[in-house]
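What follows is a pair of complexes built around chain A, which joins chain B in one and chain C in the other.
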Partner chain A sequence: MIEDFKKIYENRHNYMKAWKAKNPDWKVLGYMCSYMPEEILYAAKVLPIRWLGGHEPQNVTEPHIMGMFCPFCRDVLAQGLLGKYDYCDAIGITHTCKHINQAYESMILHRGVDHFFIPTPSKMQDKQALPYYAGILKIFKEQLENWTGKKITEDDLKRGIAIVDENRRLMRQVYETRKADNPPISGLDSMYMVTASQMYDKQEVNKIIADVIKNELPGRKAKNDPGIRLMILGSEDDDTAFINMVENCGSSLVIDDHCTGSRYFWNTTEPGNDLMSVIADRYLKRPPCPIKDMPNRTRIPHIQGLAKEWNVAGAIVIQQKFCDPHELDKVAIVNGLKAVDVPTLYLEFDVTVPIGPFRIRVEAFLETLGSEDLF
Partner chain B sequence: MAEEEKKEFWRWTETNWANKDIDWRKGKTITGGVDVGSVSSQAVIMVDGQLYASANTRTGYNSPQSAVNVMNWALEATDGMKLEDIKFTVGTGYGRVKVPFSNKAITEIACHARGANYMYGPSVRTVMDMGGQDLKAIRTDDKGKVLNFLMNEKCAAGTGRGMEVIADLLQVPIVEVGERSFDVDKEPPPVSTTCVLFAKAEMLGLLKKGYSVNQALAAYCSAMSYRVFTMIREVDVVEDFVITGGIAKNRGIVERLEGHLGLKSLKTEVDYQLAGAIGAALFGRVLYEKQK
Partner chain C sequence: MGIYKTEPLKCWGKAKELRLGVYEGIKKARDNGTMIVAGGTESAIALPAGFDMDFLGGEPYGASCAFAGIQDPSWNRGLMEASEAASYPRDMCAYMRIGIGSLLSDKFVFGGKYPVPTFNLQTHICDTHGKWYQIMSDIEGVPYNCVDYVPYEWETENESEESKRLKRVYMKDQMLDVIDWMEKVSGKKFDDEKFINAVNWECESTSLWAQCCMVNQAIPAVMDEKMMYSLYIIAVLMRQQKAAVEFYKVLLDELKDRAARGIAAFENEKFRMIHDSQPPWHNLQIFRYLEQFGAVSIGAHYSFSLSGGWAYDKEQDKYLPAKAPKEAGVTLKTREEACDWYSEWLLAYQTLLRSLRYSGRGKHKRIQDIIDNWKIDGMMIHLNRGCEGTAVGQMELRRYLADRGIPALTYEGNLADVREFDLERTIDKIDTFMETVGLTKIAK
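Coming up: the complex of A and B.
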């Protein structure tokens, strides 16, 4: 049922505690960035779950992380320091931005958890990136083997790849349905679905998504009138209150480019003999985080393509306050969308967003896109 | 307490007005616009698209009641008009969805653009609305339709409420702030922060350092004008340029901002604070004609 994803999102910790009790032979690793190679973790019988924020004011991170670090990394660290993720046996991160790395380092320093750092290549467009990253993933596999005390076989890896790729294929199928004039699923429910995929066992989530695709989406209309079609893109975003507000102002969010959204699942692995290279290749080819998107900005044509294929009238560009990578991309993205006649509204997110003031901006943006003739 | 300390220096003049040359009973379409802002509320009544009556008051803690009060006060200025004579009312501003007698809510961004078009004419392309807690830089077309806009985020520095706080701090009636900020021998450097709270502390420091009150006002107005300037530049200012909202009445900000931009804003006889409510009433006219 579509409602199940919201339940998982809102009760993520209870779901995971119950899951762990039922699966004593598995370990749980909490990760903080969507570049985490989940295939190897599933192969090792280590359930990867993504740490996201709680969207509530907190007072525990100030001594450990500067107020000028992004609110997402502070919120994620707060969840860890508050013990919300204590059922995790380890934490992990890939080499991404300094802000979220600081949250990871602080967790190790103050909570003494087992941890795994994967140095993803900084310049993913270089030729050397693939052999380098395949080698790094081999080291990560060996680290996991030492940690769990179990060898990871080729068959284990194939099983891990299959589980994660299945989720990616299903999510793409769901997103394809949102191209319809009246999409069968809202932006909010899509957000619940893709975040649930990251915070719970994919083997169970995949079954629910497959069932929804087969039995619920056909003939369904998320709204009687979808209103103005919008895209949303930018930094990490699981701000369901904001999404709900936007979709209640006479619009539908039909596509996104977030690391918690489409960037997370967009591409599957491609067949190959060396499984470490197969996995590494998938992460090098995925729609990138701006911090990995250099020297060429490949995100711009990707985003333009999404805007065209999903037929959007406008785009909301958001960034977590102080998110340097996305801040540096803002002008290029706004200009890129302007070049394909997609107007943009730019907003800065914090741990909690002021819904009232944001509603004015969203409504005014929709008024500029709307067809109602008031003149 | 001394009499001087009890005075509310921030308090600006609340007004109501009606054009006695218009016989509203002969009008075909009477529409209303109510702009319930964070600091002030305005109501206008338009007869066949002409400004007939208005009121401008402070917003209370209860925004629906503020809407009722301001409209009642506008009606009081008229020759016997009652609320039920108004065929269609549009609410705008922060309290737009809570105007009890409105038929529709439209954002103040759209309404200010439309209102400015009415007040200054179709040549307006950039509107800077400087309200109680919001700054809005709006680009419009010749009809007053919004093409693009920007608003201040989170911080209310550079807005009317900040100016009220400074007026109270320096015990200068708010209507005199602009004038007195130019009554200095030499323009002092702007205060280094526009955050109202930090600026307060900094200005007290300036006074201790020997600044006159007028010099302190000049330093604050200068900082505010820079703050507004950095924001408005992002929408690519195109002439004709106009300023609406309460701060438009403060030449200490307006003239400094014009200096930074290198252009003059258009002027009008209509109260600058009425732009949003006028736009709302004009939209009301179109909507009423459509529903007939």
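Coming up: the complex of A and C.
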């Protein structure tokens, strides 16, 4: 059922505690950024779950993180320091941004958790990145073997790849249905689906998504009138209150470019003999995060393509306050959308967003989009 | 009369001449239409040295613009505003915003129009690096490339040899590809001999700067940090040139001589401090203010390491000047060998760049090393809103020091955006800090 996604998202810790009790032969690793190679973790019987924020004011991170670092890293660290994720046996990050790195370091310093750092390349377009990253993933695999005390076989890896790829394929299928004039699933429920996939056992979530595709989506309309079709993109975003507000203002979010959305699952692995290269290649080819998009700008044609295929009238570009990676792409992305006649509304998010003032801005934006039709 | 003797540095004038010479070269190249390469100065600047070119490094250029703001605040503000008017957010790297603003307003702080390069070449270290010159190239319409830089981990992490090998090969192979790319986009032939020389000189000059910093372990210190800014800049701007090696050899001799004769940088040295992060270039007088209390900043992980090559010595559990190829008995003969050695040098010995990638435990170890071996009494941390690269880990560093009873003063600011620096407040903070460590102003 579609509602299950929301249940998992909202009760993530209870779900995981119950899951752990039922699966004593598995370990759990919490990660903060969507570049974590989950295939290897599933192969090792280590359940990867993504840490997201609690979206509540907190006062525990001030001594650890400077005020000019993004609210997401602060919120995530707060969850860790407050012990919300204590059921995790380890934490891990890949090299992404400094802010996440800071949250990770502070967790190690103050909670003494087991930890894994994967020095992911940034110049993902470079042909040299593949042999490097495949080698680094092999080291990660060995580290996991040492940690769990179990060898990871080729069959284990194939099983890991199959679970994660299945999740990607299913979510892509759901996203395809959102191309319809009246999409069967809302932007909010789509976000719950992706985040539930990140924070719970994919084997369980895959069953729910498959069931939703087969039994629930056909003939369904998320709303009677979808209103104006919008895209949303930018920094990490699981601000469900904001998404809900936007979709209640006469619009539907039909596509996104978020790491809590399409960027997370867009491509699957491609067949190959060396499984470490197969996995590495998938992450190198995924729609990149801004700081992995160089020297060429591949994000722009990708985002323009999404806007066209999902037929959007406008885009909301959000950025977590002080998120340097997304700020660095701001001008290029806004111009790129303008070039294909997609107007944008740029908003800055914090741990909690002020829904009232944001509603006014969203309504004003929708009004301009609506009025264009009149002339 | 102070406690120690002091005298001006003899090679001060030479440093100034070399520094200005770099920008004169860029101006000439701009006016003659000869080759300019731009990029971060923390990048592998020996790499384009296989061509006859002038290199415009973004960070020292940003610092020069911030410094120019002392005489004329509208200058540096104007550049910031030009960047903001084009929608580049105000909280991004302040050096980068100066570069963008300078380009958009077509003003070069050393006179005339902004020098548009033949191409931009950057190494990607902190989140900003690789994107900075992508943006510059977007605006300039010139080719852009970068080398991904994944430094070795700090010694605290026990990184495997295989992981290091992978990083080294990754960087070396990217460098080799970039050489082909530079030839393609410039239409010029890359000269291997020039490149090999540049690698040798870069390693040598950065090793020499580290040796100069070692001399500062002397009590009294032979250089204060403000002085170091005028000296380390030679390596920042032109470490790949023979003139930098020659300069540092002369400087090293002079510093050793000063140490032997007990010549101080500051005649009333009583309380030795180190600083963290780049300083607020527009308000360097805070370092002079410390001196009124007998306190002096005699270095920083930043000023020691941005221009210095440091190797960790496991037996002594210390960071020592790294050995350049010749000193290590290595002769670089081919382009491949030079790229390989150069990669190792940057990944293993460029400890400042390492701390831009990895905060936390490793940086604490390096700071502790400086505190112990340079006999430091207290630390001053610039919570730098203009550089997230150096800001990472700063709050944890403050806690680390507090847990060990090492006095630390923090002040907020921005390396290049004067609008984010409050001099009065910083002075107040210094006064309070001095009171807590029991220092009072020295009677004049």
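The definition used in the following text is that the second predicted complex is superposed on the first by the 370 of 375 C-alpha atoms of A that agree within 3 Å, B and C clash if a C-alpha of one lies under 4 Å from a C-alpha of the other, contacts with A are read in each partner's own complex, and residues count from 1 in each chain.
As a convention for this text, contacts are C-beta pairs under 8 Å (C-beta built on N, C-alpha and C of every residue); 3 or more make two chains touch, one makes a residue touch a chain.
Predicted model only: the values in this text are computed from it and were never measured.
Annotation: superposed three-chain arrangement on chain A; chain B versus chain C shows no clash, the two fitting side by side. Partner contacting the larger number of chain A residues, of chain B and chain C: C.
Once the two complexes are laid over each other on the shared chain, residue contacts for A:126 go to chain C alone; chain B is not touched. Judged by the touch definition given at the top, the superposed model places A:21 against neither chain B nor chain C. Once chain A of one complex is fitted onto chain A of the other, the partner contacts of A:354 are limited to chain B, with no touch recorded for chain C. By the touch criterion defined above, A:368 lies against chain B but remains apart from chain C after alignment on the C-alpha atoms of chain A.
Shared-chain residue A:136: touches chain C; no touch with chain B. Seen from the CA centre of chain A, the centres of chain B and chain C span an angle of about 80°, rounded to a multiple of 10. Once both complexes are placed on a shared chain A, the shortest Cα to Cα gap between chain B and chain C comes to 6 Å.
Shared contact residues on chain A (touching chain B in one structure, chain C in the other): none found.
Of all residues in chain A, those touching chain B in their complex are 343, 348, 350, 354, 356-357, 360-361, 363-364, 367-368, 373-375.
For chain C in complex with chain A, the residues that touch the partner chain are 86-89, 91-93, 124, 126-128, 130-132, 134-135, 138, 144-148, 150, 153, 157, 160, 162-163, 166-167, 169-170, 173-174, 177, 356-361, 383, 385, 388-389, 391-396, 399. On the chain A side of its complex with chain C, the touching residues are 63-66, 68-69, 95, 97-99, 101-102, 105-106, 108-109, 117, 119, 121-123, 126-129, 131-132, 135-136, 139, 290-291, 294-295, 297, 322, 324-325, 327-332, 334. Note for the complex: chain B touches chain A at residues 94, 106-110, 114, 143-149, 151, 153-154, 283, 286-287.
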